[in-house]
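One structure, pasted below without further comment.
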Amino acid sequence: MVIEGIWVVEKHTDHILYLYRIKEHIYHGKTAYQKVDMVVLESFGKTLFLDGKIQSAEIDEAVYHEVLVHPAMITHGSPEKVLIIGGGEGATLREVLRYPVKKAVMVDIDEQLVKLCEAYMPEWHRGAFYDERSEVIFTDARQYIENTDEKFDVIISDLTEPIEGGPSVMLFTKEFYQSVYDRLSDEGVLVVQSASADVYYGNLYPHIYRTLKEIFPVVKVYHTFILSFQMDWAFTIASKGKDPEDVNAGRIRDIISDFEGELKFYTPDMHYAIFKLPRYMIENLKNGRVLRDDNPAIWES
Amino acid sequence: MVIEGIWVVEKHTDHILYLYRIKEHIYHGKTAYQKVDMVVLESFGKTLFLDGKIQSAEIDEAVYHEVLVHPAMITHGSPEKVLIIGGGEGATLREVLRYPVKKAVMVDIDEQLVKLCEAYMPEWHRGAFYDERSEVIFTDARQYIENTDEKFDVIISDLTEPIEGGPSVMLFTKEFYQSVYDRLSDEGVLVVQSASADVYYGNLYPHIYRTLKEIFPVVKVYHTFILSFQMDWAFTIASKGKDPEDVNAGRIRDIISDFEGELKFYTPDMHYAIFKLPRYMIENLKNGRVLRDDNPAIWES
Amino acid sequence: MVIEGIWVVEKHTDHILYLYRIKEHIYHGKTAYQKVDMVVLESFGKTLFLDGKIQSAEIDEAVYHEVLVHPAMITHGSPEKVLIIGGGEGATLREVLRYPVKKAVMVDIDEQLVKLCEAYMPEWHRGAFYDERSEVIFTDARQYIENTDEKFDVIISDLTEPIEGGPSVMLFTKEFYQSVYDRLSDEGVLVVQSASADVYYGNLYPHIYRTLKEIFPVVKVYHTFILSFQMDWAFTIASKGKDPEDVNAGRIRDIISDFEGELKFYTPDMHYAIFKLPRYMIENLKNGRVLRDDNPAIWES
Amino acid sequence: MVIEGIWVVEKHTDHILYLYRIKEHIYHGKTAYQKVDMVVLESFGKTLFLDGKIQSAEIDEAVYHEVLVHPAMITHGSPEKVLIIGGGEGATLREVLRYPVKKAVMVDIDEQLVKLCEAYMPEWHRGAFYDERSEVIFTDARQYIENTDEKFDVIISDLTEPIEGGPSVMLFTKEFYQSVYDRLSDEGVLVVQSASADVYYGNLYPHIYRTLKEIFPVVKVYHTFILSFQMDWAFTIASKGKDPEDVNAGRIRDIISDFEGELKFYTPDMHYAIFKLPRYMIENLKNGRVLRDDNPAIWES
């Protein structure tokens, strides 16, 4: 092989490094919140790195965003108002807008990042930012949630990991989730991207699961492999009553058949399959603790 | 982080490299067929590299071997005679011996490798080589299959990828699978480890699927994430009639409750979930071609 | 350390790699002759890579260019007409123009590269391209040399290594050096950058030395450490009679005291010291062969 | 190139990494003082890494040890008693024993390391440890120097860099050098390996120079390129009166002609050349400060 060239080095953990060859440089800089590298990788196409970690890649962003959005939306069945916490690239919003919602609010603290994504990564938002149903608010999501009177049918937490000193530490606590609960309609569904489901890499999902169980009657973890993270990835659904595994398969088929454009990952079959956990994940769920404002999760890889 | 130290560099593809930090050296050498590196990685524990690629790692070898062995064994229901093609480390044999089989034959071409694994990686075989039901034969599997009169209830293909010039190229062709078919009992089930299920990495499974469809009435692809390969991984089951998705869940529960020792991955629920494919895998199945002796698969990553 | 980030990987040899952290991207592209990467390295400042190899770095380009230009110019003593073969960045020209020369001709085959250097690396040429004594010609140096009638007092060969298929293979042969000899005035001096003087890395200087000895009465190898090449580097002076070690120290002092700007490396003492070779270089000189058009040097690192 | 394989990663600085391909493993472990990796590199042959940094390599250990030992020994002219501080591998001792000395004392704190070198790196000591003129003492050199009554003609400081918390921090201070002065005979000469002479890498030599100037009437820095360090390297000679540049060239020739075995680097010409410094080193000498017990040098690369 030709080794010469320009590579991104990603620290997976202290003991594993990844090198990705860069094909093109798009943008390198810093926002008020994070270091941003937008590049075209030979392997994954256009790719966003935040603070040195792959955040989203052209080759499989659809997989991540479909698996984040559709199980919760379909569990609700007919969401009209949706809130996205985080979701900078606009692809979560894009997937939400496939449904006949009335309003989709996206709250992201990092305006500069959202603007960079809007300009340089249009393949992600595909115009979602300009849909008249969209409202994008640049503020701290906790502040927003605690101060709004709105109710939402689905709330989607699409945040980066709670790195020490980072902006999302206080968005994974019981206190925060209580406020989220209060902002959900009676049939409301919350979904939380819950980081790695890997047996080696550090795990956050048992704590998210345990914390949500304190508040919500229905809490279920699901997972799927995300290529560009090179890991199995966990998500957690919590609801005031609706159970994602009780959804009717024909109903799923009907809903997605109305979608414009294609799906890359999601099928009715996959809807159920992702909720089946390997034994090691089932065991690991027992290790969760309740995350609280005075003792939040701090992510270390 | 401390970057200084000794690392294995694995070429994932021409555009992605992995570096794993080495904790301990166990063995470095060459057999007649492949380059062997046995090391203890800080991340994955004891790990076997063949020709520079991770083959099996302590941290999750159980996941790979459970998902390779149990769906086929349980689809058959009560296998008495089992054949393993490849399977050098002895862990496939180990999983097979959890069932009340009468005979388990393992045919591996690389005697030196098997002996190295026996000596240095006892955590894999856990004595399986010394079980009186085991028979280990060092020869080319094709020659064995074409010359034996034995019939098997389950045949497990646990081979390395068909690298050009390597020993397994002729073990993925229609002609070979016809011989395998002939050596299966009437209720017989074949399972083939089918390499990456990744959308980026090269794929072999559509060709294996397409080729087996030429011969077997039932052919199904399944998949699961294998941490130490950092990829979603495909497997293909083919049978003379039995359908892995028709197995009764209670029956699975009964069988595995008789196992000695623990399972790390496999559950009745997972048995069904792994057969549900993401849409991109379903699409990709259409791209398979029939592999033949005069035009076999050549693996390039 | 923070390992995350964007790095240039340089293949030193098949068995040694260098990684340099990139601070800023300036230009990435290809000319008709070579791949060009201009970056700012955290370690070496602004740096030019050609075909994946460091060519020149802000931190020590002065060392390289001083040691290439001054020994030959000072050996001549009062050069009026100077020819530079190669020298894309314009820094060789810059050093030449410190002398009261009448004319300095630079012949480089790669116009695109020279234009890129002119635009993006002004710290190298510092206006030398706009000096009225300068003439820059974009053509093959061999063609130029064989067709010009001009005579030069000093000729400076500042070429990349003769990589197979590259443009400089035929600029290191006896036939070429004979044409160079013919274009030198009676007191003329030639200097050839002669690649690594390292005991590990491949060596070209014994062959250049041996080849020049066929033509010139005085041939001497000198060397100095070049930080950004991470190697000791060889140069060869050949003349029609003048001996670089016979130059008067007071004369050196006088000449350089007239220079505008500072010197980073060169001193009268260093003028003599660089001609003293370690025993292994002296031994290695015996291994040279005469490079000819029909059997030129092909550089492999 | 084949990138797969096992590599040592060396942190040159925070912004430059070196990767060396390993051919064979010899020993990996820890002594009471340092992490030890002995490997055979494809590039440099047998190589010793201490705390992750190349310490000595087969390909050019002779260069380092010749340039450390001979200038000082020859400046003295007829040393009878020699003290080596550090020098674990035994190659410094080996070079000293080429002279008709009466006694050569080596004081190294790390007995385990010396024993490992003795066993695994016999190419370095070549029996020097068994010469009846040799005495090897395992203790802290400062303690030894401050408590001995012996006088030495030449003292050679062959220490690792003064890393924070490491054993050599207090062996580079004015107080220590005063004790060394007191243990030198009237014609005595001290030489100190003085780390990198590189313009990029951190420099210690200006401080060593400045500190020795406080005590010794003659202090001179010299330098040469050391391949396996990939850097120009500094050394400092200090004496009670003898000047290394005043040595008679014929005298040098006579002395080295009596040596058994070959020299790889040192010649009479090189003896003088190494004392000529590039302008940037001359300038840098002005930046030294006096190192004291209460404010020693702490090495950071």
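The letters A, B, C and D name the chains in turn, as written, and every chain counts its residues from 1.
The definition used in the following text is that contacts are C-beta pairs under 8 Å (C-beta built on N, C-alpha and C of every residue); 3 or more make two chains touch, one makes a residue touch a chain.
Remember, predicted model here, so these are calculated numbers, not experimental data.
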Study note, to complete from the structure: Comparing A-B with A-D, the one with more C-beta contacts is A-B
**Study point:** CA centroid of chain A to CA centroid of chain D, Å
**Key:** 57
Practice item. Calculate how many whole Å lie between the centre of chain A and the centre of chain B, each centre taken as the average of the chain's C-alpha atoms. Key: 33
Check your understanding: chain B: which residues touch two or more other chains?
Key -> 1-3, 7, 11, 17, 19
Practice item. Pick one for the touching-chains graph, please: line, ring, star, complete, other. Key: complete
Exercise for review: Spell out the residues on chain C that touch chain A in their complex, using ranges where they run on.
Suggested key: 2-11, 17, 19, 22, 24-25, 28, 37, 39, 51-53
Practice item. State the interface residues of chain C toward chain D in the complex, per the touch definition above. Key: 1-2, 7, 11, 13-21, 41-44, 59-60, 63, 198-200, 224-225, 227, 230-232, 263-267, 269-270, 272-274, 276-280, 282
Exercise for review: Report the residues of chain A in contact with chain D in the complex, numbered from low to high.
Suggested key: 1-3
